[in-house]
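Here chain A shows up in two complexes: once beside chain B, once beside chain C.
Here is the complex of A and B:
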């Protein structure tokens, strides 16, 4: 059956997720780590954070993105491994090569997570759940890695299902039972419902997806705008998002960069320069993918781990550093109200659409800027991001990490 | 050995299904004890997630019982709104109920099977 020919009722979608992937790969490399609380991440003296934690480490309350120093305080016997992304990449490719034998329609969403569309493979695998079972066994036997699988009629429900099968499990949602399956779950379990929406739903006494599914759609539209009815359809388990195979270009929904500083800072000049640097990197990725952004979001995390973010929408979508920088700096300026050291700065570009910046045809200065940006991208492609830097950011790479004193 | 369903409490994230709030759908889990894989593709050790909502529709896999845990069984609700036996479970009693059942015993719907959880060790196991 051709892809897309399967109706929504006939689809078989798998969400596969490798359990504690980085740690699992480290344990294949060094079996003495099996059964011990292990984390992958940088050392505490370099302000490293936990990139992955074994289930034994999670039992101590250790979570991803936690500062390593805090993780080590929670578990004095914690084993820390630096990690090798090259090795994880190789392991990931081996897993997905194996999964690709079941269907060519595999959409890899990260190094350890993917969606597979098994629709139309009924002759080979009469039951998707049996194919999933075989996948788990093969990955375990050949690569010594554990796979958790969610099986359902669509992506959304397969993703929720796999979350409930962790670790090393398989959860199949029976076709037609999507709404009943989701009904008892807290609203925040639905992908796309974040803390802010959760709080608003709870304010309206909508704690569970079954209640959200049964709420009058006009009311949800009144409160949440066009997202309300869409959110309700998802709460009923309705989702027709296709699984995109590797040969279809995957468009990012946002593009961002962030950095945790070696030392907390309150130097606004440093933050401005760093924002310029992060934004230049993000804008270059936009251009490389032929995308334009309309939204900019700037995020700060302070030394006390309070986070703050602001965003703005541009009048016209752009991929030009100069047009993105001014509103980003304005956001940073508006956020700089706390008298607390800053630990992390990030920038994210959203509202992406396909296209190339043209500027004004009547403004020759803009055309020159465009050629300049293209030339800079060419140099950076060949020699790296630091080969050419904006004047404001040059001093960021000084060994002292300090701005030069004014002349 | 005949297949059986026994009450089970899931651990880990799946425990979030089990809620007891008034007016909300309650989901519970039953563990399947079965001698072999059956026509529904269900295996020994599968944890069945069952929604206690009483609104089963034709085609749904349902759990019926006579009010006791020992009497629980799987069936499929047919287009004729009758319960048809599946997976090696006995048919529900009707007007010609087996003599072993109390007089007047009637099958009641306990819930609709919405999914199944199969953990690492459960795959392919058989009841002894």
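Here is the complex of A and C:
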């Protein structure tokens, strides 16, 4: 979506990323750390893990999330620093305050990473790379931190460009050159392509984004479903996700729970009870976030991997299990028509909105039920989900997962 | 039929019946206005099956009695623009309704007519005569106040379970009650009737009440007479008679809804509370407006937050000595109540944040609002 007058063609998006941010901040505090292999993280005695590693430490093969003990084995001279997240927060705010002078449209995605939309600031900086260069200089001179910037026509390519330019770099992908830039890169460099997808792509001899971009889209659709063609568009460097400043609320996501059964089943009683349980868990998360749901979808996967899903929209948004359960059961009822064992059941709540629930004066039953739900949530917070169960779900606790035989 | 009449007087009469002219008539007659010239007065009637209005004009010079049913919209429009002070209206030999004033000359087709004088339209809906003594009589101003105090709370959409699109009108042994509710708020007002024995009850169409409030005020009469007919209710104020279909369906048992006072009783200045509510409601989510009311001794804080736009909070001084309590409301509901309040000082009674709150907006005038709740 283009913002204001800037059409998709002349958007100018920056992805900025602070290099080895935690380590860099520690080095500002203690310059003696400069040039040495440094990690931030807890001590090995307390089973600490690496939260951040300097480029010198990375040269030893040390990576984030690695156990500290292992990191110290890899590099005996390693300097370990306890993290100070308050300090990192302050440093991060100082950086983004500087960047905010270039454009109000800044979407901070983490403490050390953000997207900036510079579209329409052409009078200040005719070329976005010049603005990016000045940002890097300012951050370096004023805060002594290094910034890597990727410049492109959209978010996706700017992110890949900054990863490409790291560390201490600046890389611009000129408009129209997106596909050419991405083509030689391995598929896993594209955000959204994880290890599982990568493996499948490699199975099909698709190692590079250029190959993915050129593959027949019907084939991708066959293999990856609706994600296939979308993935291909991204591999061609097409993306129109807007940069969302903090005052624009994020589009509502969905909240879902699903479960693959230890043993495939065709017991409808079991499925109904499972649905009840999954829905209760999803609704509880919904309530904890102060959201209301308007849509429910129920998904089944059969033993032969055929999947089926149905959804429905409620007349009014709610966060109450009782009001979600009946339509969910109805969906399940309409769906489970094949005489095949079921291996997975899932429920998903969508159409989420932040909101309050308007009770009715004329239907006090609903208000009473809500007070009950609130009380149940309280009990479950203290004693766990299974502390209180709906009658229907009780026999789910039996190890066989089968309905007890009548005596 | 032939008569001479003052243009403004006839135009005003048409305005009074205008709301009852069917805009999309299922039968052409329902879009018509019945004009009847009796010996010394003129009667104008319109009816769209939901409501009907009959208006009597005494300042008229009848030359020949008779009646005609003419296209309503066109008649109203023509009279809005005709320029002469006095207008003569007549049924021609060809059965046309002739309007002649100064240089203006219009002919409307007559859908049904009689030059003989006897009123016997065939297809126009029958509008009952309000004869004999009324079932209930109220002071006109009292009736208007009752409507204005309850009508706003009615449901705007058709509810399947209850007939809450209408206003409940109940009379029992001289005491009249009106109730309006949409299920989320409820307004109830009680007043004494001038006359009215026994028990009468009907759910009234808001459209009819609107017509009465709008035009009944101008009638030089102090009383309103109410006639409970079969499936209709008729009202008479001076020369104006309004009829409305009685809404079928059950009306909620409002007595159960009204809380019997609350632990927390806050007295606030109506105008001050309104102003702060308006301020806070500028920062509420468009679709689901929420304001939070927090009371503490001598203070009420009204705050709102729009995710991504900002927040607002402001305080007013109130008369309150209880413990702290916070509840969330739809600001529109609170503002509606305050706007309708009769007194400068209103009372807000709350039990707990999830239970209905009651506002006392005047003498024998209560307003119950269901708060908004969240689990987070």
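Just so it is clear, the second predicted complex is superposed on the first by the 245 of 407 C-alpha atoms of A that agree within 3 Å, B and C clash if a C-alpha of one lies under 4 Å from a C-alpha of the other, contacts with A are read in each partner's own complex, and residues count from 1 in each chain.
In this section, a contact is a pair of C-beta atoms (placed from the backbone, for glycine too) under 8 Å apart; a residue touches a chain by one contact, two chains touch by 3 or more.
No experiment lies behind these values; they were computed from the predicted model shown.
Shared-chain residue A:258: touches no atom of chain B or chain C.
Comparing chain C and chain B on the residues of chain A they touch gives the larger count to B.
In the superposition on chain A, A:289 makes contact with chain C only, not with chain B. When the two structures are aligned on the shared chain, A:238 is found in touch with neither chain B nor chain C. Contacts of A:377 after superposition: chain C is touched, whereas chain B is not reached. Of the two partner chains placed by the overlay, only chain B lies in contact with A:186; chain C stays clear of it. In the superposition on chain A, contact of A:127 is made with chain B only, not with chain C.
By the touch criterion defined above, A:208 reaches chain B but does not reach chain C. Looking at the shared chain after the overlay, A:353 reaches chain C, while chain B stays out of its contact range. Overlap of the chain B and chain C contact sets on chain A: empty, with no shared residue.
By the touch criterion stated above, chain C contacts chain A in their complex at residues 161-162, 181, 183-186, 252, 257, 285, 287-288, 290, 307-309, 328, 330, 354-356, 368, 370-376.
Of all residues in chain A, those touching chain B in their complex are 127, 129-130, 133, 136-137, 146, 161, 163-174, 176-177, 180-181, 183-186, 189, 207-208, 210-211.
In the complex of the two chains, the chain A residues touching chain C come out as 246-249, 287-290, 319, 353-363, 367, 370-371, 373-374, 377.
Listing the residues of chain B that touch chain A in their complex gives 12-14, 16-19, 21, 24-27, 41, 49, 51, 53, 57, 59-61, 112-120, 123.
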